[in-house]
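Before any comments, here is the structure.
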Amino acid sequence: MHHLSRITFIVLALVLTMGICSAQAKDEIRVSGQPCLHGLPTWWAIEDGWTKDKNIDLTYTLFPSGAPQVEALAADQWDVGAMGTVPTMMAILRYGAKLIAISNDESETNDLWVRPDSPILKTKGFNPKYPEIYGKPEDWKGKKILVTTVSTVHYALDATLKALGLTEKDVEVVNIEQGQAVTAFASSQGDVVCLWAPFSYTAESKGWKKVSSGARSGAMIPGGVVVRKDFAEKHPDLVVEWLDLYMTALDRMRTDKAGSGVWLNKYFAGYCGLQLPESAIKSEFELRPIFSVEQQVKALTAPDEASAWMKGVADFFAGQGRITKADMADLEKSNFGIDASFMKKVQEKRAAKK
Amino acid sequence: MTNQQLSENYHRGKEVKVSVTDLTKKYDDLLVLNDISFNIYKGEFLCIVGPTGCGKTTFLNCLSRFIPTTRGDILVDGQPADPTHHDMAFVFQEVSTIPWLSVEDNIRFGLKVKRRPPDEVERRTEQMLELVGLKKFRSYFPRQLSASMEQRVVIARNFALNPDILLMDEPYGQLDLKLRYYLEDELIRIWQEIGCTVLFITHNIEEAVYLAQRVLVLGQKPATIKEEIIVDLPRPRNFADPAFVKIRDHVTDAIRWW
Amino acid sequence: MSTAHASALEAPATSRVKGYWKEYNSSVFSLLVFLLIWELVCRLGFISRFQLVPPSEVIVVMIEKFWTAPPDGATLFTHIAASMTLALVGFCAAVVVGVPLGLLMGWYKPVMVLVRPLFDAVRPIPPIAWIPLAILWLGIGIEAKAFIIWLAAFVPCVINSYIGIKLTNPVLIRVARIYGASNWETFIKIGVPSAVPMIFTGLKLSLNAAWTTLVAAELLAASEGLGYMIQMGRRLARPDIIIVGMLTIGFTGALMSYVLTKIESRIASSRRL
Amino acid sequence: MANAAAANLKEKIGAVFSFVIFLALWQVASMAVGSEALPSPADVVAKAQEMYTSQIGGKSMWMHIYYSLRRVVGAYLLAAVTGIPLGIAMGWNVKFRKIANPIFELLRPIPPIAWIPIAILWLGIGEGPKIFICYVGAFVIFVMNTYTGMRYTDHLLIDAARTFGATRRQQLFNVAIPASLPSIFAGVQNAMSMAWMCVLAAELVGAREGVGFIIIQGMDLNNSPMIIVGMITIGLIGLFLAVSLRYLEKLLCPWRRELQ
């Protein structure tokens, strides 16, 4: 017993000292991100040397997906970061993280694909309210759908099924990770596959057809930018400083798509190890609406925007039995962790500069 | 009677069971057996003695076709020796009971491999169980038996076949004296009752003289037959009998010579 | 009279209980201390409750999970049944293929010469590295998962059967030969039975490997199973679900190897091996 | 001698023959099912050449291998240093065994891969959890093998030592430990292959470098030649680790004979 705990202690101590040794510096902000458009800003800022004349030091950690990113948040491994709606919600619900910005609108890049010979492609706009969704309910019934469950694309699938007057019981849902889903669908498994970018681009390049998406089915899927609770309380100024950088990158992406595209390509290919075709890089900017500082402030404060979007996702999870009523109440009580104060400070800061 | 006469009398009118001619075995360049020729008669108890390492085991292995011979013929009833045609049996130096078979299944093993009819298998098995006195232990496994019982199982298994020839390769070498004497008597008793041909190899001269009707003495490598001695003593034999001692000393001399 | 009888009968029983207690009291004690420390570490806030859940909560969640499906979509029993089916399918397939292959490799030289190089070449690739190809070839049903588990369980089956038959006592082989048994007959009647103890050791290793790989296999398209449960626990940031999943995997795995050991000792004792 | 050489040659020819058959079957199969599902050997070789000369995820193949190896070797050594003494203590001291065994038995059957979420929760991302996963895998095997070896030490040996008046300490270091070496060494090999498997699992679930990452990349990019090159690389490294351990073992314990 003593031995065992001593061993674990030694292991922990070793790892912790390694962590601490490498982490002691000036005002450090540890940023987390994913191989995705919303991960680019911090990496861009580091690579392009935006922080040279600033008193902050950025370190960037890449996570393959939301689950380990949230787990690492529990282990106090990062301070600020961008991620999908579901991990954002989990971080808020479990760890009291704050939602301080919307990285982008991911509704269109959470999409559903079929093979070109699918009967679903025959009809379009069965429900006039959702003209862009393909297929009649009969076409969809009984289909085997590959989806990463408990994710934003699951939300998009749910919205699509609802738009067609169906529920999950009418189809066969198979839980699968994104990369595996592409592989499986490519080897003729399943009838519909639910993906998010950049996996959607692989789907596109394989000639699969998009039959619905979050945007087409009325599911708003905002990418979350979150800050760790402790960090937000102890270093609000650093959060603002970083958020300013983040917004600078978003502004560039909005205004200079070609120039940003070069950086995005570098980020994907050079850093994340993802080789994407040029058209995909272009699509990234076309399909993901990005908000300016003013829009952000409005979205974060208006009752029918960010909080409504988050509530939509939360309702979906509650309906699925993934979160409890108490969880739901917690979320509503904290207004889904939305905290516009940082974005407002960025706005003030910029106004002052002008 | 001189040795010469004894020998002539012995060989006269006997039916040859196994005939070995010019048996030679080489391992690459190492000559192990050199031109060995002799006959074994039907129902005979023949012992071969020789110093350790003289090739006794190689000889037996050639005889039972475990290893190919370099030259020479081994005929059983005029046919080349072959375990699949002839009923051969072998008692090894090591205890060779099959650990996962019960006593009776061990005894049945050879009969079953030989595909004897089931009623014969049962009959012979019962007979052998009786003969070696293991009836009470029929369902025991070798692990549960003493060393002497295990050897009796092995002997029973081999005699059950009523083999054309039973080859025994120092079967009692590992046992203590008392047990050995007991098993030797047992062996003679069963042999007399069943009456099959036995070729018994040993380095123990006393044992050879005690058991055999005839003793062949092998010389050092490469092994050749140096001498043949007829043991013309009544049974049960007595180690202290002067006649026994005389033959034993004779064999001892024969071996010491080379 | 009858009371005297009763006490005479009881005496050994109580002393047996006492004996057990004496044997295991320090073990029980150490487990309790372990759980207590775990509980305290969580309760006193040495470690955040998002990183480790106290055992009391784990037990509550575990008991709840026996009949409630949320948040991971199925009850604990469903998960256990799904995982066990998967592991046993892979394991049995590995036994059916691996044991004969190992035995034949150990007995027949040409089989060994042909198969061994491939086996040696494939063996160092951990089963989970096959996951992508398994999807590509076998899809996302039970086949692909069973294939991964099969690969893991296959190797110890082959190796142990191979070693087992190689260790056959040569004297026994000669016994069969001298009675005129063919090579095949000797293989069946001597080689195979004498390899049985080693095969059983292999089966235990195999089952262990199958169960170890299960979680990895269930990372691949699953909608139930203990690996899936852990996966859901991650996506929902529920450490309690994760820990319940881990412990259940541990318990179930231990239970399965216990059953196999029982079967083995039963067979061994019936054959007095 | 001549026979042995001939047998050796025969075996080599057999090996070559079996690989040729294997490659031929592979080629035929890939033509049958299409290079999408199963790339031909030639595709794989071409891809391997490309992968080993260019960068993947910002690092060369050799760097990926280096990262994986570093994790495995670090965790492995840590596991050996901690696991073997624990196994010895458990096998030697009855009291210690009674205390440690139940906890060990409680945690032992949990597969290392199942520790991944907890590892991340405790240690975050980065090297920590990956090393931890490999450590768990190798540690259990080290403890088990050492413990088994100690428990099955022939009591005669220890009694013999006792009659010579050996102290408890001498009995342990001069008799019990050397006697359990074979069992410990069996663990040395197994622990390595377990650690190697675990590093893959850890990298499959989340890493930016290492050979497991290569496979995941291949899958995410739906590039099956890349997956296969990754697998072959993994196999070769696994083989390399096993062989070098065997060599080391021969160097350290020349008395150990191996079953061919």
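For clarity, chains are labelled A, B, C and D in written order, and residue numbers in each chain start from 1.
Convention: a residue touches a chain if its C-beta (ideal position, glycine included) is under 8 Å from a C-beta of that chain, and two chains touch if they have at least 3 such contacts.
Just so you know, these numbers come straight off a predicted model, no measurement behind them.
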Pair of chains ranked first by number of touching C-beta pairs: C-D
Compared with chain C, which chain's mean CA position is the farthest off? B
Express in whole angstrom the distance between the two chain centres, defined as the mean CA positions of chain A and chain D. 37
Rounded to a whole Å, what is the gap between the Cα centroids of chain B and chain D? 53
How many angstrom between the C-alpha centroids of chain C and chain A? 39
Multi-partner residues of chain D (at least 2 other chains): 37, 99-100, 103, 117, 121-122, 205, 219
Where chain A touches two or more other chains simultaneously, the residues are 1, 67-68, 71, 74-75, 180, 183, 186-187
Listed in rising order, chain D residues that touch chain C in their complex are 10-11, 14-15, 17-19, 21-22, 37-38, 95, 98-103, 105-115, 117-118, 121-122, 193, 196-197, 200-201, 204-205, 212, 215, 218-219, 224, 227-228, 230-232, 234-239, 242, 259
The chain C residues in contact with chain D across the complex are 24, 26-31, 34, 50-52, 110, 113-118, 120-122, 124-133, 135-137, 163, 166-167, 211-216, 219, 227, 230, 233-234, 239, 242-243, 245-247, 249-251, 253-254, 257
Residues of chain D that touch chain A when the two form their complex: 36-37, 56-58, 78, 82, 85-86, 89, 96, 99-100, 103-104, 117, 120-128, 131-132, 135, 139, 205-208, 213, 216-217, 219-222
Please name which positions on chain A make contact with chain D in the complex. 1, 3-4, 7, 10-12, 15, 18-19, 61-65, 67-69, 71-72, 74-77, 178-180, 182-183, 186-187, 199, 202, 206, 270-275
What residues of chain C sit close enough to touch chain A in their complex? 30, 33-34, 37, 48, 50-51, 69-71, 73, 131-132, 135-137, 139-140, 219-223, 228, 231-232, 234-239
